[in-house]
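Structures for review follow.
Each of the next two complexes has chain A plus one more chain, namely chain B in the first and chain C in the second.
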Partner chain A sequence: MKKLSENILDKISIDYVRTQVLKNAYGNDDTPIAKLDPRTLLLWYLFFGFFPWFANNVVLLLLLFMFAAATTRLAKVAPLVLFVFCLGVFSQTGYLLIVSLFFDGNLSTIIPLSVLTLKVATVSLASITVFSGLDPDRLCAGLLYFGCPDKLSFSIAFSYRILPVLMEQFQNILFSYRLRGRVPEKSGSFWVVKNLFYQIKIIMLSFYPLMLGTAKRSRTTVEALELKGYRHSLSNPEVRRIKLSHLRFSKGDFAFAFISLVYTAGSILISSYIKL
Partner chain B sequence: MNPPKAVCFENVSAEYRGIKDKNPKIFDGLDLNIHKGEKVALIGSNGAGKSTLLKLICGFIKPYGGRIYVCGEEITSKKPEETAKYVSLVYQNPEEMFIGESVGDDIEYAMRERKIPDYKSKALELIEMFSLKGLENKDARLLSGGQMRRASLAIGIALNPSVLLLDEPTANLDIATRTEVIEALNSICSKTETAIVATHDMQLVAEWADRVIVLHEGRIAADGTCTEIFEDEFVLEKVGIMPPEIYTLGKRLFGAQTLNPKEFADLFLREREEVLAI
Partner chain C sequence: MSLSSNSSMGQAQKMMVFVLSMSIYGIATLFTELIPSFHVGIVEFSVEYFLFIPLSLAMLLSPLSAALGAATGELVFSEIMLGQFGGLGEVEKFLTVTIGVYVAGRMVRNPLDRKMVGFAAIFGVILQQGMGCIVDILKVVLAVEDFEAVPGLPESVFFTEGFSFLNDVLFSGILFCMLPTMYLVPKLYGKIEPLLGMKPRDEKTAFGGEKLFTPKVAVLSILGFGAAALFEILSESGFELVDWEADWAESGPAYAAGIFIGFIVLAVAIAAIKRNFESSKRGAGQ
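Coming up: the complex of A and B.
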């Protein structure tokens, strides 16, 4: 506790989070998944994001989970994202599963819980694969193709871009506070608490200049976009055509679709034979 | 004997976290000594590592190898709150320094937090010194570029640091404001012992610095006085630096080393008199 409170500021490194976000957005463009056409990935996601919710067979879900996990591995997902994934699954249903395993570990409680856990896990892994495999620009192209409003796809790309910038700025502002602030005196019995309070306080305070700075910056961005005729381009079909003209299906896309199909069909077949 | 050291790097290595698998190494075993009282200009092309070097000195980023001493104290494992006693950094982007409600509040902030007696009157002095009078109740983000820069300088020296670090203090300024900032810089340097400026502004280097360090790809490519560096064509060629025009002009016309317009004008008048005398 004491060690932790002394230096949360040094431990939770915003720099780490920032590079992980960047990694997730731009860092893995050389994986097999990233080579696929965004449309293939989105269609694939349409299936793997929905189908598990309607499946209730543990074996089938387990097989689908394994497939999703394999694709996640292929996509070389950033460790932080995987960690958040585990945390998410655990906080949703996983902890119930573990608790019930400890208390009365009979199958009648474990199976329904593991069904739910597997569903959540499979869908999340599929999402992670798709969103790590697609950099923001390709994601937008894919969404645009399927008729998603241009404004939405633009917002997604923009927030991906702006997030690392914001984090860097946050780091700088936080450092401004630290350079000018004073750590509570190392004496008295409440020092640990005081120090913790000081660190949390400057983290909170840093958001305020960040927001003001961002507000000012977004105005510049919007003005720049307007100067380039962004709003007009939204409704222009020619712009849409140019934006989408680079999309091509390749052999890899067909192979990926084929493997997914065969695997899913096989899983359904196998699971209908094995009864738990 | 050498004067005491203000900043000392011993075999310092630093890197950033990379987006791809490998972390980009910025410095690998860098040694550097800066003595008290020196006015150092740090030059080099974009991405040479100037800002990174400044961030290392003030403890914003930590090296993964080697030691850094500031004013004789090792700061490698110190908190920024502690290093702030000796060093102060004025950011490349002044907006990120504004954390108070107004310019005046920002200038007072550090002194108030650190319970420095008479901080009010000291803040007033600074406001006077950087001609920010009448602006002290405005939100600092709403100032003009030059005013922001002056405010950031005032914030930077509020705690009387022995080592002042400035990251591109004259970038994006018009000529009038630039002159103001250079004047402010000169008056600052009468207050602090040591100043290190990272810059691309060769005119500033020529007029202000008494030592120039050229960084190139994380290494020190050259280190010397302004004239030594401007004469070293090999380094200039390699790093892609142009001496200020007044220097080139002085050299071409008179074969002399003129670092600022005044020196050039004096020389010019002298030469003309000599010609007229003949």
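Coming up: the complex of A and C.
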């Protein structure tokens, strides 16, 4: 229990989160995945994000999972992201398995659940590759190309830029609350719980100044956008064309698409001959 | 909620509310994603979400912009940035959060009335969690073949989902949504609006005018929930499709060929759509 609470407080260390997220967003421009055209990757994701749900063969799912894992490895994803991924997969299906054992489930429950886990894992890995492998600007360009609402691509670009600023502001507010506040005295058996509630309360309170500060900031942002005629540019096809003119397919894109195709077809062939 | 009833709420202000709600709720979900839950006995204490942020903003400012902003913020910050984007399944979360926050925001007419604020906040949470819970149960029922036949699975699904619903509403809902909203809304009232260049909301300018729930809101919410359930189930309902495919795809090579053809059709279709799109855009531009 004590260890867990320390673990939680460690995780709240904002610097860690900030560096990890930024590293994930901007840190790996030189990976083979980041060099691909965003359109290739989005099409690729369209396939790997949907196909596993429709496959039911354990061998095929395993092979697809291995492929998705390999691309994630190529994309050099930050460890924090992978940790969150593992947590997510386990919390989706592992928990269900444990509880079903209480309701006189037996080991045969594992098989349908492991199929579900494999599907979830493959799809999530594919999305990690695409959405973490690409830097935000290229991701936005790709999304815009396929006709996503401009508001979404604006939100992504804006979020990545505002994140470090907001985190720093939040951290400063948090520090000032800590400076002025008083941590519960380190005695009694409920200290850990008390401390935890105190920390959470401070985080809650910090949102009040943060909201006011961000309100001001978002007004500045929107007014600056208005000055540049942002809303008008959304409806102008010429602006769109200029925005997307830098996208080019290269040899790497064709190679990547070809390898994925051959691998998928090959694993379907293999899975139809091997029976578990 | 016509613009004429509240002329201080222009397009630019709506955009500001959207950006504000998106960035703050985004930051908050980024943290909640990283704070692990801990168990005391069977009760799970998790900081499920800081829904009080969009709830307060929806009650004070424009409900729809705040709701859409919150859902987008969650999508962008905690799903796309952390690489957890789950495809179609995210549509469900997006719609339920939007509906929950929007309905709660419309319910409050006087932001200084703490009781009403608290009630609306917990109602929004119940709405959002309830919809999520129903969809989650349906998802497992449809995604696992012979659901009833797997020993122990039906009971465990109903138990875990029902329990997590109660847990979320009673613990996260009251502690992290209702209480902070009741504290924040009256405190922010009159302070945050001038920063965005608008007048504070009062009885006259409240959205929805006389009626709390117009039929339009109810119908839209139900439609939205239907769409949410449909998307979630679509994203997981592989089994029936595979049964159907098994008739003609007994042999591996046929299946592989099918995949190739599918790819080619996809590529051609996208190229065609793109050409159409661009030519229509060019036509519109001239």
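The rule we apply is simple: the second predicted complex is superposed on the first by the 237 of 276 C-alpha atoms of A that agree within 3 Å, B and C clash if a C-alpha of one lies under 4 Å from a C-alpha of the other, contacts with A are read in each partner's own complex, and residues count from 1 in each chain.
Operating definition for what follows: a residue touches a chain if its C-beta (ideal position, glycine included) is under 8 Å from a C-beta of that chain, and two chains touch if they have at least 3 such contacts.
Computed from a predicted model, the values in this text were never measured in an experiment.
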Side-by-side fit of chain B and chain C on chain A, or clash: fit
Touching partner for A:R178 - first (chain B), second (chain C), both, neither: first
Which superposed partner A:L212 touches (first chain B, second chain C, both, neither): both
When both partners are placed on the shared chain, which of chain B and chain C touches more of chain A: C
C-alpha centroid angle, chain C to chain B via chain A, nearest 10°: 100
Which of chain B and chain C A:L269 touches, first, second, both or neither: second
Partner chain(s) touched by A:M167 [first = chain B, second = chain C, both, neither]: second
Closest approach of chain C to chain B (Cα atoms, Å): 7
Common ground on chain A, meaning residues reached by chain C in one complex and by chain B in the other: 7, 212, 216
Contact footprint of chain B on chain A as seen in their complex: 7, 10, 15-16, 19, 22-23, 26-27, 169, 172-173, 175-183, 205-206, 209, 212-213, 216
Chain A - residues contacting chain C, complex: 1, 4-5, 7-8, 11-12, 17, 21, 24-25, 43, 46-47, 49-50, 52-56, 77, 80-81, 84-85, 87-88, 95-96, 99-106, 108-109, 112-113, 116, 119, 123-124, 127-129, 131-132, 139, 147, 151-152, 155-156, 158-160, 162-163, 166-167, 170, 200, 203-204, 207-208, 210-212, 214-216, 218-219, 221-223, 225-226, 231, 236-238, 240, 261, 264-265, 268-273
Chain A contact footprint on chain C (complex, rising order): 11-12, 15-16, 18-20, 22-24, 26-28, 30-31, 33-36, 38, 47, 50, 52-53, 56-57, 72-73, 76-77, 80-88, 140, 143-145, 150-153, 155-157, 159-160, 176, 180, 184, 187-188, 191-192, 195-197, 235-239, 241-242, 245, 251-253, 255-256, 259-260, 263, 266, 270, 277, 281-282, 284-285
Contact set on chain B toward chain A in their complex: 16-20, 58, 60, 79-84, 88-89, 91, 93, 95-99, 109-110, 113-115, 139, 141, 155, 158-159
